[in-house]
Amino acid sequence: MIDKVVGSFDEAVSDMRDGATLLIGGFGGFAECPSYLIAAVARKGVKNLTIVANSAGWGLEFRDQLVARMRPLLRYPEDYYDQGILIERGQVSKAIVSFAAAIGHVQTPLEKKAAAGEVEVELVPQGTMAERIRAAKAGIPAFYSPVGAGTFTAQGKEVRQFDGRECVLERAIRADYALIRAHRADRYGNLVYRGSTRTFNATMAGAARITIAEVDEIVELGELEAEHIVTPGVYVQRVVVRPSSPRPWNVPS
Amino acid sequence: MARSRLDERAIAFRVAKEFSDGMVINLGIGIPTLCANFIPLGREILFHSENGVIGFGEIIENPNLADPTLINAGSQPVLRRPGMAIVDQAESFAVIRGGHLDLAVLGAFQVSEQGDLANTVMPGKSIGSIGGAQDLAFCAKRVIVAMTHVDRDGRPKIVRRCTSPVTAPRCVNLIVTDIAVIAVSGEGLTLLEYAPGWSVEEIQALTEPHLRTSPTLREIELL
Amino acid sequence: MIDKVVGSFDEAVSDMRDGATLLIGGFGGFAECPSYLIAAVARKGVKNLTIVANSAGWGLEFRDQLVARMRPLLRYPEDYYDQGILIERGQVSKAIVSFAAAIGHVQTPLEKKAAAGEVEVELVPQGTMAERIRAAKAGIPAFYSPVGAGTFTAQGKEVRQFDGRECVLERAIRADYALIRAHRADRYGNLVYRGSTRTFNATMAGAARITIAEVDEIVELGELEAEHIVTPGVYVQRVVVRPSSPRPWNVPS
Amino acid sequence: MARSRLDERAIAFRVAKEFSDGMVINLGIGIPTLCANFIPLGREILFHSENGVIGFGEIIENPNLADPTLINAGSQPVLRRPGMAIVDQAESFAVIRGGHLDLAVLGAFQVSEQGDLANTVMPGKSIGSIGGAQDLAFCAKRVIVAMTHVDRDGRPKIVRRCTSPVTAPRCVNLIVTDIAVIAVSGEGLTLLEYAPGWSVEEIQALTEPHLRTSPTLREIELL
């Protein structure tokens, strides 16, 4: 019997080792962030991680500022933690992101660690990042793209003309783990997402050796209609359900 | 007559006049986002957001009504709208990179006379943020820059060559600022419209490269 | 107002010129074949076409044999016509397909025309074809793939090693028109598909300058849920509804 | 003891013993398709079809019950099954090419001692058909060939070098025929099992390359 549902977040990341490469889903909003999986990685304390994410995150230090800044638009929940906490805690040695720096005078955890020479940063155009991740999922080792040609993001990259346009050779981003968030899952690991939470979560599913989905709810097999499934279960190895009431990041779950 | 500068809403209003019926448009953060409030009457526009929402509705200003699972790329909650479609990140950028986006309206630190755009790495930051700016600037069918004409220190933002890192070379088609509307083409810059009270010479004085004037040069119409 | 619904199939293809490249959707079954669009192209009589499709099709000559062969499994409708009719009628000068030949002693229209030197054939692995079409949609001019390296399908193609594996450089297949079939559409051109009819139809949407969708039904804007839309309307330029009762291919519609 | 050859269903039965719980498997046309009828008890298998159906149910043999909008890659109508997912063609091959397919069971014209597979271009046809054969053979984690041991003229189909065009080099892991089960590895071919009544010598006589025999050599079990 196929049953990908795992009992706890700690169990879901229990085989993670130092030096692993992690794809971390979401775009920037809290409802699409795999906060409990990130917290489990923080608790596990693995080090020397490479993280690949749209944004470098805020961590615990700027969490409250962010919550205050967003209050006129959205109420952030207590159990929102992002990948910034892994950077703050010194678990990350390299970050591949499209948003590394914050606007204004605030410094993200990544900006501080990068300034201190503790974390290497690779700044990647968002679409190039999405395409490089998809390439890994689809077995494409490399592709050409016009985006960035002749600019600072293409430095050191191979360039070649196609149809008269300069293109950059981009490599697939393969990872050990993809930590993603979805709305509903069945025991096969089939996933659906609500609204804009699909974003990098669906793109990253299947782009890693082990994809772990943090979900709101598990439903019976057959409840997700075949035509409505966004991520087929073949891309997902583990599924974990979020707790019904918020938990602090440092409490095992 | 007293010179006046367009405020952010007026700049957005002027930009939105460029929106044709049926266009698929991506609005950057800042002034560009305001354009959604000024769609010309009778035109149906689809707004695309990098995080994968196509055809979303208005920004919701009340957190009690907001749905955190429907936000735009600026993390603002938006309304569902009939005909809206959700795609994942790779597909969202297939829309941009595959040339399916009619227009991107972007902010800028600098625009050069060749249409080079600098709007990504934050001045004063050792590491920057780039987001979808390059994908948009390289691949949208048309790029409009909406910005103030000069920076906080009064220096021209329309320059001969960008001193900030270039997001994309030769990508800008139109610049709308608080004092002028300027077309960019292979031959350079052409002043199309000026804010009320401004002379060509006064605008030129705040613009580094030479401005040619359009034969149809006129005051910016804000109605 | 955005309204992509066109009144007739003939109108939908009215701007097609000799020498055009057409992506033709479907996989092999009748329910996923854009038969009425193909018939309209046949009626229009444009020549020197390049067609890109999974299969070369059966045309009119073998239609009845096919229907008889499939009878124990599926009842084919009267109004099933495939891309084979374009080949039979001499409208095609090049075919890019993954299935060119029929099993057994039957010869498809493409086999006959190819033997006579009238049509050039490019045989492409199915997945490579799908990926090359997707690449066109996504603005990727070229990509590397291990599939076919060292075999007859890679002849004349550039080869390069990635991660110790030999890979072939594959180019995007850009087209003038994509003729696809879907189940429901709204006036924005948003599309949903039933079951296995999604296949190449969804992959081809957006990979051509003009994508035309032949659909069972037009629904009101908002009836297709945002999360369930498979092809966003931005990829679709024209939508045409199939007639309620079957029509012969050579009758204008 | 009389020699007997496995019929197509028996070959399929033997192949299906290789199916582990939870595997994602693509079955080629012909004998491979029959494997779906012999899934070992208690194992849950997901069948993948090139046209984008993952986890479909049984083939429907009655055209009155068939839904033409749910067919497998062999154009056979299939049943919906709880947990089934539909994807488009590019995603369906992302599953194959991205290494997400545990096993492909394929027919063959020839298999070489290095595990080269020839199963695509039809003999006697000037142009061929390839379908998804190359994608499957190059990218599935494991490839099993199910075929008759010799062709209609009695010639070995397991050969030193393929004379038919090679679909994929060094891709086959296991060969199941009507008289033998043979493992393929970097060191060549190893006879694992034989059909009732067959000697190693008799099988070798119908096989071009040298067969080593497994220390656990035994009769094929058909139960």
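Think of it as A, B, C and D in the order they're written, each chain with its own count starting at 1.
Please note the rule applied: a residue touches a chain if its C-beta (ideal position, glycine included) is under 8 Å from a C-beta of that chain, and two chains touch if they have at least 3 such contacts.
Being a predicted model, the structure only gives us computed values, none of them experimental.
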For chain A and chain B, chains touching each: C
Centre-of-Cα separation between chain C and chain B, whole angstrom: 38
Between chain C and chain D, what is the gap in Å from one C-alpha centre to the other? 29
Going through chain D residue by residue, note those that touch at least 2 other chains and give them in order. 53, 80, 86-87, 90, 93, 96-97, 139
In chain A, what residues contact two or more other chains? 131, 134, 138-140, 145-146, 193-195, 198, 226-227, 230
Pairwise chain contacts under the document criterion: A-B, A-C, A-D, B-C, C-D
Contact footprint of chain A on chain D as seen in their complex: 21-22, 24, 42, 44, 46, 48, 53-55, 80, 82-87, 90-91, 93-101, 139
Which residues of chain A touch chain C in their complex? 131, 135, 138-146, 162-163, 165, 167, 171, 192-195, 198, 226-228, 230
Parts of chain C lying in touch with chain B, wherever the complex brings them together: 1-2, 134, 136-140, 186-188, 190, 206, 220-222, 224, 226-227, 229, 232-235
In the complex, chain C residues that touch chain D: 27-32, 54, 70-75, 98-103, 110-111, 114-115, 121, 123-128, 130-131, 133-134, 145-153, 183, 193-203, 230
If we count contacts the way the header does, which residues on chain D are in touch with chain C in the complex? 49-53, 60-61, 63, 66-73, 75-77, 80, 86-90, 92-93, 96-97, 121-122, 125-135, 138-139, 165-169
